[in-house]
Amino acid sequence: MLGSGIIQGLAVTAKNLVGSFHDPARFTTTQYPEERTKLPENYRNFPFLVADAANDPIGSLRCVACQICEKECPPQCIYIEKSKDKKPDAAGKQQFFPAVFDIDTSVCMSCQICVEVCPFDAIKMDQVFEIATPERFNALLLDRGQLAKPNTYYQQIHPTEAAEVDARLAADRKAGEEKAKAAAAAAAAKAAAAKAAPAAPASTAPSAPKSPAVPGTEAPKPPTTA
Amino acid sequence: MTFAFAFLAVLMVASAGVAMLLRNLIHSALLLVLSWAGVAAFYLWAGAQFVAFAQLLVYVGAISMVVLFAVLLTRRSAGSVADVEPATFARAAAGLLAAGLVGGVLGATMLRSHFPTATGEAPKISVHDIGVDLMGPQVAALLVVGVILTVSLIGAVVIAATDPAATDKEDKP
Amino acid sequence: MIESPSSPLAPLAGAHVRAVHDAFHGDLLEVSMGPHHPSTHGVFRMMVTLDGETVVKLKPVFGYLHRNHEKLGENTTYLGSMPYTDRLDYFCSMTNNWAYALAVEKLAGQAVPDRAEYLRVILAELTRLLNHTCLAGFLLQDAGASGTPLMYAFREREKILDLFESLSGSRMMCNYQRFGGCRVDPTPAWFDAARRVTEEYPRFLDEYEALITGNEILMARTQGVGRLSAALAVSAGITGPMLRACGVDYDLRKAEPYGFYSRFEFRVPLGDHGDTYDRYMIRILEMRESVKILQQALRDIPAGPIFDSKAKIRAFRPKAGEAYGRIEGPKGEIGFYLISDGTGNPYRYRIRPPSFVNLTVLEDMCLGHTIADAVIILGSIDIVLGEVDR
Amino acid sequence: METPEQIRDRLLARFPGATVTLVVNPGASGQHSLLLDPANARAIAVFLRDDPVLRLDYCSNATGVDWPEKEIVETTKVSVPDPAGGAPKIVEQKTKRIQPGYLEAVYHLYSMALKTGPVIIRLRTGNRTDQVALPSLTPVWRACEFQEREIFDLYGIVFTDHPDLRRILMWDEFKDHPMRKDYVEPDDYEWEPTAHDEVLVRAKAHAAAAAPAPVAPPPAEAPQP
Amino acid sequence: MSDTPVITRQDRDELRRQGILLTSIEEVYNWGRSRSVWPLQFGLACCAIEMIAASMARFDIARFGSEVFRPSPRQADLLIVSGTVTKKMAPQVVRLWNQMPEPKYCIAMGACAISGGPFKQGYNVLKGIDRFIPVDIYIPGCPPRPEALLHGLMELQKKMRGEKLTGPDVPRNKQPDNPCEYPVPEFGAHDLEPAKNPDIWQPPAPVRPDKP
Amino acid sequence: MSMLNACLLLSSALFCLGLAAALVRSNAILVLLGIELMLNAANLNFIAFWRFGPDAGHSAGVMFVLFSIAVAAAEAAVGLALVIAISRHQRSIRLQEATRLKG
Amino acid sequence: MTAPAPLTDSFLERVPLLVRDFITGWFPEPIRWVVAGLLAALTILLVFATIFALLTLLERKIIARVQNRPGPNRTGLPWLPFTEGRVFGLGQPLADGIKALTKEDIVPRDADQVLHFLAPVVLVAFSLMTFAVIPFGRNLVSVDLDAAVLFFFAAGAGTELAVFMAGWSSHNKYSLLAAMRALAQLISYELPLLLSVVPVVMLAGKLSTTGIVAAQAGWKFGFIPRWFVLSPWGAAGFVIFFIAALAESNRSPFDLPEAESELIAGHLTEYSGFKYALFFMAEYFGMMALSGLGVTLFLGGWQAPLPVLEVIPSYLWFGAKLMLLILLFMWIRATLPRLRMDQLTRLAWKFLVPLALINLGNAAFWHLSAAWPGLPLQAVRYAIGVAVIVIPFFLIGRRLSAGVAPRTYRYAP
């Protein structure tokens, strides 16, 4: 009959109209600023640099300025300058560190390749997406001060992944320490006079900036309120 | 009363006059619509409500639409959507002379002659009266008009209907 | 009042404003639809010549989204091109990934573990659902259905995007496949969610069909409109649902089974008229088949690694040679043609875009129909400009 | 389905005057191709399409490849007779030759009817400057229409007998062929925080070209390390 | 007005009286505009899909009164440049911008619109739409989530609410020397001509601030 | 001058305008419009006499106008159909060029 | 609208008239009617402009709800006390209005300046005029014309002229196409609209809207209202009227002149700022006026459906029925795709016009058989009335939809 299809369609819309008042499946809106969808753990937006010490993020970056991510970054938005001198990392090993580490978020395509290729678990993907800004050059080019975020933050936003990473790093460190211990023991056995100095990492790095200029990245806090 | 009449008269004559002078066909048509609307307003003023609305409905609602449609459909030949080429001087002069003559004669007659006029109230005629009249004394005329309308509309459709084969043949020089 | 120097003719007509203005006064009306036009699905442009409202000539104009994808691909590493393929057809990043991964694996002779193959099938079919759903929505939007079908389509799309996001970390730009497998192993919870979406999908399709498929207006608008003959379709290299709507049985999943498609049971729907309605319906029917594949794949997926242990992420250098790999994308056959000269970057990186080739017959299908039909014919081809212009 | 060798042999038998060369693909895919001479390409294409055994009714992909002129160093082992009369010495001789550049159009053909493929055919131009015309295969496979236009646009190969050979992706006024390997991009450098050499080279060139440097101040808030 | 050196009491009173009137008018005016931002129905690439998604049921930009995507630039207040602007498309974008009635705003959504993004190294890609038209809000991301677009819209609303009807920081369209027409680039033999609009495109000098 | 005379004067003015248009203009549509205007002018007379005439109250004037409007509608429809037909046949609606009787 | 309210009516019923009398009482007798007229016009303008504002919000909300989302809900009225500025987005229309008023007004250089300016003015003027003859309540009609229905259509004709003016004067090809479409649509749908009204006029024996409402007064058996829509011919006439009204007011699925996906915004493409808002307003006015006419002609006007419910004042009943029809308009808009031009005209000429003509005969039969005695004969009369319209509906409908049917599909072997 002419019109039956139309009436069927009207019935569907009516069902949805009424359903939107009582049926959550028919009212799918998340009213954004007040409500937020829970971001999945894997969600990625822009990279950040993992720092081991929360009080001194820049001084305790895991990054050793190996520049692999810089080379692999498809849109070439990473800029790294290796430091002249070395300083000990969390495991106590002497490493280079990035004197300059910039990421141009106006170019970054959030592809996560930098994370994949990083052998040091030093760069991870952030989940902050509320970074709209009226400024371009001053706000969208992030330097290492803005990029550095403590490991606790990483554990907050990617708990599963961070746990794996931490376990792996701990294992590495343990292995390293045992090795160092063995070496130290050997060294001690060899020449007991000299004192080895595998001291705790002393922060001689430049001081952290007071407040990064980018809105949305002021305080490292998880973006989800679930 | 007379003020309203004067206003309407000026409106009608001015818009019709300008319409006839303009080169833009669409503007002419729209101004003429205004003039027709003025005529309708005149009927209303005179107390012939039904006729006024009929005038509005037919002229503003129907004829103007058909005219505009025709203008758009025939725009290819008009050179542009709207512009109309001016007539030749001789033709214009002849036409204007004829119209002027008629106008002069008519005007002179109107000004000089005296018709007996009713002094009383405006006559009242309701829709009901018109209906009764149409179905009573005027029924034959109504039928004739009905036939004329039907025939002419069918004729119009037949004339204007596209005959693809014919036009194709016609298009080839 | 401030006079504006240019009327909206200008963006629509571009450099041809003058010619169009002349045409305005002539016999035929020349309209330039696009590159900014509500119904051109992005920045596509059609130079349409109209007689009344009937299309007498239609020339597509491309390149408004020509992002030099191939040039960039030749200047970056093999891996570096993977995220770019996401942006090729931004509805179907998973299938684009797969097509590219397939071509590179062909080029390098790379093996893929079973679990990864299953995952690829699951993701490709989810992508097909996603794409066809959105297409149906956009098609109806073009037909003037003030947004409702599109909203329902996007409601379902969000469910699939949630799956993609929780798996790969991004809603649209998944960048998930790798040469030799996939990037992240899904959790059991993810599979549960995927099963739930798969179970619920037929119900959505039923509702959607009740809303619109039987609608007389839609049938009148689409049936008999934009017919495409099978012979022309084959010659013009039309692929995907558009080809099958003409009645040609050619689905790469059956004709040249890649991945593990030979292990699944599904049917290939075929149309008989090759008109817009068939193109729409074939997609609806394909979605129902995709649901079947998904159910089988989600049931049968084996445990195991998802990434070949011998594969390399960094410093990937296939030896010199060339390969052409293609898969049945939701829009048609998407292929990658790669020439390697032994270095880390491909020497030639070419994408065979399905919707670009499918547009070849746009004019043939639109001639003689009205401008309103041209809009929905274009909609039924299912184009994405990122892929048309690359 | 026939192997490329069989097809080549049949083609050579069928078209006596034609040159059909097998281009071997050393890669893992093993997709070898047939190099046709432009003069007979159209006839061969029609044959490939209509031959009942092949029925390559579907041209999936048509694309261009640019092979610029390159220096090839060939190492040949030449046995040099020892003037002293001893055993002839085998000496590696390096010969340098310049391989002239050319442009190539590659077509991937499949059969929808038989569900077989691919057969790959290639056409080569004489060089990269003036003899860049190839016969268009659009009359054979309509699928080539836009793809050949694209090759024309990006590589500059002129396809004779193409029904509508205009630029397709770039604007009509554009002069270059950007997919050629020697294409130089216009200088529209924008300040980028990058260490990548090519970008830096461009930056330097740009700075030299734009003598009065832009006046705006550098980002102020960026912290000093 | 704070930098005016000498103000008599009379002036101050006058200013205050005007100020009060202006403030309330300004408030209503800005409230109305910021709550009724109608975007142009204009999508370019990937980001356009997220823009559409933002208007769909899950995110529903309609809650902000902005679901009225107008197809004609004449009725739009906001140009969301959502996606890669190619050089072939740039003139059209500028024309669209010119056709929009003031007051109008521009959001550059996604990396491509801001700077060319991942396609920055391409020969046909415009390196940021702010070379030709003034951008009010940049939303980085590739593509930004629909929520990010909503956030950008809220930022824009904030900006609109903060605008003054008088004084030195009046919006663009009220400045007397504001070009209401932005020059439309032409297609050249190798590139757009001009490749940028120097009046609005003043990038920082190519020096690294943190590099000696 | 009585009201009736004024009305009649108005009507004759309109009539002359219509006549002039019909005679002077060469565009078929304008000629048709002129004719319509003349018809209107005539109708004006009926109403004027009905309203101000000696035999006020008789409905004949109104009836006449009603029929006249109906006929005018028919005339316009046929006339414009003719115009369209002519324009289709000879690609012009200039009346001077419409000299062939055979379509 | 100068008659005093009869004292038999309830107080609520008389409130509007009392207010009017109170205000006009301040003026001297000779100009009272002028004041009353102006007052009526002003009231209509204010009331309907307010309703228009709320309707835009309601439409956006309803369409949003159909599409599973809340719609505008963040724009409250910040100056309203106790609401914290959030009242279901009630401030949205106000914000839109402020924005439209302050927006730059662009007139394209090529446009026909005068017509471009006149079009929205003419449109709003004509669409407001149509309200004059609609009885909003028992004694609430601005002008009680003898030929009110005719006046309604005469005034309505002007609106399409305005659409044409807008489309043509913009000098934009899309607008021009829209103008052509608007004309064709008008020519096609004026006829079925009028024809669907003729039976009502026939059976009521009047062209006056108040008379037609009066003809629908009373209840059969004390509870079935004598509204025309409840008779077979009336129901059919109402459906035809409704479809034609959809087309007349350019609403979906007949919104071809401003088909977004085809013609950008059709005749509105070049309009910005306040002029655009005027067009928008006129569209809603047209919709409300046609709905009001539909209520008057078929749904018993301001009559209450049951005698007990007469305590609710008549204007509220009218408003409720009007809202119902407008909701129907919105519901349809949220559901259906658009027709094509040729299908649109075919629907008018080959479906609606024949059905309307048949319905004319049906109404005549109904009138002639009114005196059939006894309940069984009345039932037969009803059955015949239904059959006379339903059978042609099926036959013509099948012809109209010939060649259009759901299809079955085969699968590859």
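Here the chain labels run A, B, C, D, E, F and G in written order, and each chain numbers its own residues starting at 1.
As a working rule, a contact is a pair of C-beta atoms (placed from the backbone, for glycine too) under 8 Å apart; a residue touches a chain by one contact, two chains touch by 3 or more.
Predicted model, so just to flag it, every value in this text is computed and none were measured.
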{"item": "Given chain C and chain E, the chains that contact each of them", "value": "A, D, G"}
{"item": "Shortest path length from chain A to chain G (each step joins two touching chains)", "value": "1"}
{"item": "By number of C-beta contact pairs, the top two chains", "value": "B-F"}
{"item": "Reference chain E; chain at largest CA-centroid distance", "value": "F"}
{"item": "Approximate Å spacing (C-alpha centroids) for the pair chain D, chain E", "value": "43"}
{"item": "Chain A and chain C: spacing of chain centres that average the CA atoms, whole Å", "value": "33"}
{"item": "Rounded Å distance between chain F and chain G, as computed from the means of their C-alpha atoms", "value": "34"}
{"item": "Interchain centroid distance [CA atoms averaged], chain E/chain G, Å", "value": "40"}
{"item": "Multi-partner residues of chain C (each touching 2 or more other chains)", "value": "2, 4-8, 15, 24, 37-38, 63, 66, 68, 71, 83-84, 87, 148, 151-152, 155, 158, 173, 211-219, 389"}
{"item": "Chain D: positions in contact with at least two other chains", "value": "169-172, 178, 191-193, 199, 219-220, 222-225"}
{"item": "Residues of chain A touching at least two other chains", "value": "2-3, 6, 9, 12-13, 16, 28-29, 31, 74, 76, 81, 100, 104, 107, 109-110, 137, 143"}
{"item": "Contact footprint of chain E on chain A as seen in their complex", "value": "28-33, 36-37, 45-46, 74-76, 81, 100, 104-110, 129-137, 139-140, 143"}
{"item": "Complex contact set, residues of chain E against chain A", "value": "57-60, 63, 111, 114-121, 128, 130, 135-142, 144-145, 147-148, 150-152, 154-155, 159, 203-204, 208, 210-211"}
{"item": "Chain B partner contacts - residues on chain G that touch it in the complex", "value": "112, 115, 145-147, 150-151, 153-158, 160-161, 164-165, 168, 176, 179-180, 183-184, 186-187, 190, 206-208"}
{"item": "Chain A partner contacts - residues on chain C that touch it in the complex", "value": "76-77, 79-84, 86-87, 148, 152, 155, 158, 162, 165-170, 173, 175, 183-184, 207, 210-219, 313-314"}
{"item": "Chain C to chain E touching residues, read off their complex", "value": "2, 4-8, 10-11, 14-15, 35-38, 42-43, 63-69, 71-72, 75, 83-84, 87, 90-91, 150-151, 154-155, 157-158, 171-173, 385-386, 389"}
